[in-house]
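What follows is a set of structures for review.
Heads up, the next two complexes both have chain A, just with different partners, chain B and then chain C.
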Partner chain A sequence: MKIGIPKALMYYFYYPFWKTLFESLGFEVVTSDDTSKSILDIGVKEAVAEICVPMKVYTGHVLNLLDKSVDYIYIPRFVSLRKGIFMCPKFMGLPDMIKGLFDGIENKILTHNIVSKSTDISEFHNYTVFIDKLGVSRKDLKNALKKARDKWLEFRTLNKQGYDINELLTSDKPKKYEGDITIGLIGYVYNVYDRFVNMDLLNVFRKLNIKVVTFDMMEERIIQRQLKKFKKNMFWEFTNMLLGTAYEFMERDDIDGIIHITAFGCGPDSIVEPFLTIDSEKHKKPFMTLRIDEQTGESHVITRVEAFTDLIRIKKYKAEKTVEGVI
Partner chain B sequence: MEKIYIGVDVGSVSIKVVAIDENNEVLFNSYVRNVGQPIDTVKDELAKLHNELATKEIGGVGVTGSGRQLLGYILGADVIKNEITAHATATLQFHPDVSTIFEIGGQDSKLIIINDGTITDFAMNTVCAAGTGSFLDHQAQRLGIKIEEFGEIALTAKRDVRIAGRCTVFAESDMISKQQYGFSKAEILKGLSKALVRNYMNNLVRGRKLKPVFVFQGGVAANIAIKKAFEEEVGHEVIVPKHYDIMGAIGIAMLAKDEMKRTGNSTKFKGFEVSEEKFETTSFICKACPNECEIIQIKANGKVIAMTGDRCGRYSNSVI
Partner chain C sequence: MKITFPYMGSPYMYEKLFTLLGHEVITPPKPSQKTVDYGVKYSPEFACFPLKVILGTYLEALELGADTIVTSGGNGPCRAGYYGEAQKKILRNMGYDVEFIIFDEPKKDIKGFMDNVMKIKGKSSWAQVIRTVKIVYDMAKSMDKIEKIVETKRAYECNKGEFTKAWHEITEEYRRIESSEDVKKVERKAIERLNSIKICEVPEKEKIRIGIVGEIYVVMEPSINGNIEEVLNAYGAEVERSHYISEWIDFNLIPLPSYKEKEHKILKKGEKYIEIIIGGHAKQSVGAIIDFMERGFDGVIHLKPFGCLPELVSQSVIDKIMREYDYPILSLSIDEQMAIANVLTRIEAFLDVIKLKKHRKKIAR
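Our next item is the complex of A and B:
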């Protein structure tokens, strides 16, 4: 049996888990192609008009998988990864949104709820639907979940050591990239790591000799420590992670500036943005928002990133000069 | 022989070419509308520059603006930099005490904040061009007024009229209904000026505390009504620099000069012969992958000298 996994949204956070899980159960795993203009175009055409571009891209990936004669497309419903905190409502409605695409697609969808105590999504009770639908035994499922969990924790450990997710997912010998300045990049995995949607942003940074740190590279306890400072937290899991990470970045001396990459029309991000704008100024950290949508011209991204790094470098060199002058 | 430095700013609406000397004095300047043939326009302007300053040696060339990569390649630029850094560099030269720069061009608008002579913050318009020169151009055209006369006419308005500035489509329907109510053209123009500034404050300033000295530059700074609307908004004098419309080009020329002095290299400028070469631009859709990029190919005298538009580098890396 062939299980298709769309290369979009949570793919960038959970692919090692899903791949191991299905392969351990004896299934073949097929992913959609890398995001491309045709995937974006078809997603934009078929998805609900008002939705954010990452959801449209996801729709494009689902349709791309249908061409690969898969038996099922795996579209879990992420509900909660922490007690009392939820995922963005679009994630909760995602399987239904895909079911609404056309008649008959429902039979191709493998879905179940994920309600978890943490980002470790290996709790058995979430997956019991596999027993009937995929015809696997409880024992095999338990074993497969354990293997998947181990593999995912391994991936996360490397990720937190500073390897970016694209390196880990695409290369056997992942590399770390350094630079003369460091930027804290605040954004969801699907905005940071989808090279097509974000105009290959990480590569733009690399060419400008900039080191990038992202939320997925942070230890979760550090994020949680920052979040404790707030009277109350956001309703959405990954939004909280971005917020906690951003405040950590504001306090860290080795972070020279913060960039928030956000999809046009993202509701949760619209609440994060004012926090970052106001408080990064208080912390005297240069801050900028990059907004991505359906556009494919990259010059606006390059202009902004270039100007932002000029600003940081001038500031940094000036500070160093003053130090030299004093000595 | 005395050295000069050339700055070229290839904007979406206009093209600016300047030459400065060692002391940043502007020896040559030109501002022409970009009618879709940027390469030819730059060629023509460079030929004029060469005519006027034939005895000088070219010390360096800088290119900025949205078309900077391609033109920079064609000219053999020493420095290719974004327009924000270029603008701020020039402003700091002429007004060293500046704190706030309003820059409004054809298709984008910028806010640059300076502290102690260093850029500390900037903002650019995001999704829409309602608060830019193109918006004014379009509305002036609708009212049958030359853009050059816009400011003067607006200043003769006796009453205030509020026009929605968030979106060109809404502004237009608002304008039509206000005209039907009997407001004069001058009053409508004044309303548009205020709408543009309101939109700018809303989209770019976004609650930042702005400090004087204020400098307003870019093509739209020619419009005295907008300058006045800015002054009313910030409650302070706003300076429009002498070279307001070519600041980006001056700034990039200065950056080229600094770069050449810092490195001690000689310029990579391909020479004025470039203005005699025949350039031809063609494009095709690459079918190698599902991205289907539009590849733009530039030929000089029949030889391919630059290719761009591909995401993967298949073509752009193949031409050196």
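Our next item is the complex of A and C:
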């Protein structure tokens, strides 16, 4: 049996988990193609006009998988990754949305709710649906989950050591990239690592000799410590992680500036925005928002990143020179 | 302590609640272009429209001298639950030293909740608090009852504008009540008043009934949805909304199962399309569409603020419902750039489709 996984949204965070899980259960895993103009165009055409671009991309990937004659398309419903904290409503309604957009897709969708205590989603009770639907035994499922968890933790450990997710997913010998200045990049995995949607942003940084740190490279406890500053956490787990990471970046001296990459119309990010803009100013940390959508042009991204980092470089080297002068 | 609050639907209930408890109240002005301009200027660009309008409302009330804002929180995942915190951040940054009293679910933080209750209770006795809450609840029930009559009968008034005028006068009457008996008196008078307005009846077969569903703020606040109920009434269509404040109170604030039946029934109807509650009123909206359809309404208008997270999911599902049942549904996005001519044109076209459909059915018979 072939199971299709759309190369969008949480793919970038959980693919190692899902791949190991389904392969250990004896299924073939097929992913959709890399995001391309045609995938995006299909998504834009089929999805609701107002929705954010990551969701349009996802819709495009689902259709791409249908062309690959898979038996099931895996569309999990992420409900909660921490007690009392949810995900963006669009994630919680993702399978409903896909079912609503295409007639007769119901029996092609493999879905189940993910309600977990942490970002480790291997808890058995979430996957009991598979027993009937895929005809696997409890024991096999448990073993597969364990294997998947180990694989995912391995991936996350490397990730937290500073390897970016694209390196980890695409190459056997991942590389770390350094630079003369460091930018804290605040953004969801599907905005940061989807090369097509963000105009290969990470490569833009690399060419400019800039090191990038993202939220997925941060230890969870650091994020949680920062979040304690808030009386009330936000309702969306990944948004909380961005928020915690951003406050950590503001306090750290080795981060020279922060760039917030967000999709047009992203709801959670619109609530985060006042907190980041107001407090980065208080911390005197350079801050820029980079908004992407289906109409983003490459030169736009490059120009803005160049201008922002040029200013940071001027500031940094000027400061260093003054210090030398004093000595 | 000069209290103000968000403006949604009629502000008189909140005004009554705080006044009867002995507080000084600054009733915010009805949202206008000025409110929207204020809100848009100081809110994040992609925040949803209700956040902007409410922030504008606060700014206007602060200009009038308010220093305390009372509002509700929430536990998400709809953005509305975090409005208070975000607006607090923005207003403080603008230099306003304003106190926020945000009511979150007592389950999560019972102490914080009780602190807030004590602040609102002020010097009144508990007996007074209970009496006040009862009066305000009766008032909400009664006002919604009268408003429902207006929304139905206004479609057939002979002289345009009579019902709207009466309704404004009636709400002013409600504003003056002091006890539950007053509520009953005002209600009786209101019904008499409405019954005296001349009606040009239309044969039952030609009556058009439209349901309005969607995000609660844009459904309930006529000043930002282009007075959609009045517009529809003027075109000769009866209207019913999926949200009324008294029903919201029943479902969210009264801990008795019998008060929650209606909402659970609606939720059940939405389950086929949106399996779990995903925040806001997405599931209720879909359930309400099915409910209106089953009750023989001719069409539904779905309102949402631009970019609303939960309602975008319901919108994705709505197309499917339209195809499945061949049922007319019009989805309108509302934000600061909404143009009234655009809305009018779309509504007119929508009603034409409905009329044509009805006509064809009649011929087929």
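Here are a few things to note about the model shown:
As a convention for this text, the second predicted complex is superposed on the first by the 326 of 327 C-alpha atoms of A that agree within 3 Å, B and C clash if a C-alpha of one lies under 4 Å from a C-alpha of the other, contacts with A are read in each partner's own complex, and residues count from 1 in each chain.
By definition in this document, a residue touches a chain if its C-beta (ideal position, glycine included) is under 8 Å from a C-beta of that chain, and two chains touch if they have at least 3 such contacts.
Just so it is clear, the structure is predicted and the values come from calculations on it, not from any experiment.
Overlay on chain A: chain B and chain C fit together in the combined arrangement. Touch criterion met: A:S36 reaches chain B, while chain C stays clear of it. Contact with chain B, but none with chain C, is seen for A:K315 once the two complexes are overlaid on the shared chain.
Of the two partner chains placed around the shared chain by superposition, chain C is the only one that A:N113 touches, whereas chain B remains out of contact.
By the touch criterion defined above, A:G135 reaches neither chain B nor chain C.
In the superposition on chain A, A:P286 makes contact with chain B only, while chain C stays out of contact range. Once the two complexes are laid over each other on the shared chain, residue contacts for A:D96 go to chain C alone; chain B is not touched. In the superposition on chain A, contact is made by A:F264 with both chain B and chain C. Look at A:D200: by the touch rule set out above, it reaches chain B but stays clear of chain C. Touched residues of chain A were counted for both chain B and chain C, and C has more of them. Touch criterion met: A:E306 reaches chain B, while chain C stays clear of it.
Taking all C-alpha atoms of chain B against all those of chain C in the superposed arrangement, the shortest distance found is 5 Å.
Within chain A, the residues touched by chain B in the first complex and by chain C in the second are 264. Listed in rising order, the residues of chain A touching chain B in the complex are 33, 36-39, 196, 200, 264, 277, 281, 286, 288, 291, 293, 299-300, 302-304, 306-308, 310-311, 314-315, 318.
Within the complex formed with chain A, the chain B residues making contact are 66, 69, 81-85, 118-122, 124, 126-127, 206, 289-293, 311. By the touch criterion stated above, chain C contacts chain A in their complex at residues 44-48, 73, 75-79, 81-82, 85-86, 89-90, 93, 104, 108, 273-276, 278-280, 282, 306-310, 312-313, 315-320, 323, 333.
Contacts from chain A toward chain C in the complex involve residues 47-48, 50-52, 77, 79, 84-90, 92-93, 95-97, 99-101, 103, 113, 231-232, 234-236, 264-271, 273-275, 278.
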